[in-house]
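What follows is a pair of complexes built around subunit A, which joins subunit B in one and subunit C in the other.
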Partner chain A sequence: MESLLQNFDLVIVLVLAILGYTVGSLAEKRHYRSIIKREKELLKMAVVTAEGSFPPGKVGSSALVSGSVVISIDYFKRLLAILRNIFGGRVKSYESLVDRARREAILRMKESARKQGANMIINMRLETATIGRSANKRKSVGSVEAIAYGTAIVMNKG
Partner chain B sequence: MIFTPKQLDENVNVSKSHPLIELLWLLGGLILLVGLIFFLLGVTADWAASKVPVKVENWIGQQALKEFPAEENLPLNLRLQSLIDSLPEDSLLHQYKFHIFLVDSVEINALALPGGNIIVYSGLLKQVQSENELAMILAHELGHFAHRDHLRGLGRGLGVAVAAALLFGGESAASSLVSKTLLTFQARYSQDQESAADQFGLDLLTKRYGHAGGATDFFSRLTEDAGSKLPYFLTSHPHPQVRIDALNERIKEKHFRIAKTQPLEADLLAFH
Partner chain C sequence: MIMTNVNTVPGKKIVEHFGIVQGSTVRAKHIGRDFMAGLKNLVGGELKGYTELLQDSREEAMKRMEEQARQMGANAVVNIRFATSSVAQGAAELFAYGTAVRVE
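Coming up: the complex of A and B.
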């Protein structure tokens, strides 16, 4: 017991890592399930990065739509990334984080376009930013923000 | 162009490998890397420590005394002197100017600091029951000086901190992770030093009193509240029972005589 107290910081690191791993991977699995489900639902909403040109009279209205999301790292992912900082190589633990953020941002943009009755989104752009920079520094937690924006097009009927 | 919506089954943007396997690889690499740094630094520090003349150390000790003036403890000094007198003529320890201090603290510990300064905590003195036990403890500290452990420890600690800060930056999490791993190595190394100092202490005790009585008494008293051996993996000192076993083995090997111990004399009983 005494040695547990003496190595208290080590115990905290261990507990946080285990907690981060279990809760983090559960949350990630749940998020991916929801992403895949909603992607299927919104499959009909076409999103393209092309500018798009339409014959006159075809477009009823157009509007800017955007979706953004912030996703935080967990302690386990951070630990893996810190270790990666030493040896170099792909920071695999952050890959799923960025992937989730981008897909979620696109989904939110599509949902907002559907609410406006749009048929498709053209000129879609994706941007990623960090919140709480230098996440691998001591005592700081990092998150990733992804924002997707584009032009929602409502077609004229007929 | 006809737009056909399609859901992709495979995700190329996320690596397939399991994070726990990655963690194992990275941790293994870290331990290997740190072990290598520790080994190289250790060899350098040990070499440097053995080259530092005692004169330089005495000078460091005097500077430290100027900064922190403290009263030397006369009764303890008498015991230390009689131990030094029983050392062989050519011993390195004769070059040292020893100063021994009694510090008021409940902690049960004694320290060997650079420059021949020995600090004994009053908590330790209260535990001591016989002259032989005290001689064993003082001889153990002299063993640290003879092996120049205090310099080596200083060199290693400093080297490791500097190396970690240089490699990964002082403020980075990686640097603190590296130094934490290093502490584990440090603990193993320091346990070896303690055992070596125990052996030196035992030999000196036997030379001083003509027998090895009382060598293990102090550690047996520690064993009672030491508990399991497992937590001792990370500490700087070995488990008391391990130390007792090692001492007994040496006593048997060298055929040391065991005789009755002498009780503490009045001048030291005053501190009880």
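Coming up: the complex of A and C.
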């Protein structure tokens, strides 16, 4: 009876892992495709981490813009990361998670700057935080939040 | 109110300085959203509920900071920084701070 219960647990884990693997990797591929496509579209919007200085009369207006996203990892990758903790080394599944989150946040910031008619964004800063139910549970990074913010500059014509 | 995260307002001159202003807010999402986020955790992907929550609270924190700056008689806040921390399960603290100035 006890072994049956144990097997039942195992089956649930296996089903969740397979579900997480198929749906999660599909979603990740789709997300990367959309990120690359939008990055190409927004290539003209210059983003720099420097403050820059402008000659007087050049800048029309400036405003703070920001973009943020919360992305979580799928069950299969979480299992992989737990296994990886035993041997150490690169945790690739988390690398792609934070990479996606940061690029998505930057894209959203650029999109909101474009809506305001800005020409460029200066002094861009990135921040990462963990949030939600996994934030306080042990040290697990289940979901990650990325914020990108900067100052959008609208240049005067001519 | 002009908000920037650089040392000055580009193209304008700072004429008066009022010191630090700050705004913060602690928000939680209702159980339904937390439950949905838990389900979404299985397959991964964006947790829209949390993204929305954070965006709303960041705007609220900015609004409070702006209000404080306005009371001081400032017309711009420069050098804005954000910070996020989770104080309780499912609750997030959003914090914004900057320097209130008057520009011309």
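As a working rule, the second predicted complex is superposed on the first by the 142 of 158 C-alpha atoms of A that agree within 3 Å, B and C clash if a C-alpha of one lies under 4 Å from a C-alpha of the other, contacts with A are read in each partner's own complex, and residues count from 1 in each chain.
Definition applied: contacts are C-beta pairs under 8 Å (C-beta built on N, C-alpha and C of every residue); 3 or more make two chains touch, one makes a residue touch a chain.
Keep in mind that what you see is a predicted model, and the values were worked out from it rather than measured.
Enquirer: Subunit B versus subunit C on the shared subunit A, clash or fit?
Expert: fit
Enquirer: Based on the superposed arrangement, let me know which partner A:His31 touches: subunit B (first), subunit C (second), both, or neither?
Expert: In the superposition, A:His31 touches subunit C alone.
Enquirer: If you stack the two complexes on chain A, which partner ends up touching A:Ile71: first (subunit B), second (subunit C), both, or neither?
Expert: second
Enquirer: Count the residues of subunit A touched by subunit B and by subunit C, then name the partner with the higher count.
Expert: After superposition, C is the partner touching more of subunit A.
Enquirer: Which partner chains sit in contact with A:Ser143 here, subunit B, subunit C, both or neither? Use first/second/both/neither.
Expert: It touches subunit C, and subunit B stays clear.
Enquirer: Classify the contacts of A:Ser62 with the two partner chains as first (subunit B alone), second (subunit C alone), both, or neither.
Expert: Second partner only.
Enquirer: Which of the two partners, first being subunit B and second being subunit C, lies in contact with A:Leu16: first, second, both, or neither?
Expert: It touches subunit C, and subunit B stays clear.
Enquirer: At the Cα centre of subunit A, what angle separates the centres of subunit B and subunit C, to the nearest 10 degrees?
Expert: 120
Enquirer: Between subunit B and subunit C, report the minimum C-alpha distance in the superposition, expressed in whole angstrom.
Expert: For subunit B and subunit C in the superposition, the minimum C-alpha gap reads 15 Å.
Enquirer: Which residues of subunit A are in contact with subunit B in one complex and with subunit C in the other?
Expert: Correct list for subunit A: 77, 136.
Enquirer: Which part of subunit A faces subunit C closely enough to touch in the complex?
Expert: 16, 19-20, 23-24, 27-28, 31, 51-54, 56-64, 66, 68-75, 77, 97, 104, 122-123, 125, 127, 129-136, 142-143, 145, 147, 149-151, 153
Enquirer: Name, in rising order, each residue of subunit C that touches subunit A in their complex.
Expert: 2-7, 9-11, 34, 37-38, 40-47, 50-51, 54-55, 58, 62, 80-86, 88-90, 92
Enquirer: Can you check the complex and tell me which residues of subunit B touch subunit A?
Expert: 3, 5-7, 11, 13-15, 17, 19-20, 22-23, 26-27, 29-30, 33, 168, 171-174, 176-178, 180, 227, 230-232, 234-235
Enquirer: Subunit B touches which residues of subunit A in the complex?
Expert: Residues 2-4, 6-7, 9-10, 21, 25, 36, 39-40, 43-44, 46, 48, 76-80, 82-87, 90, 92-93, 95-96, 98-99, 136-138.
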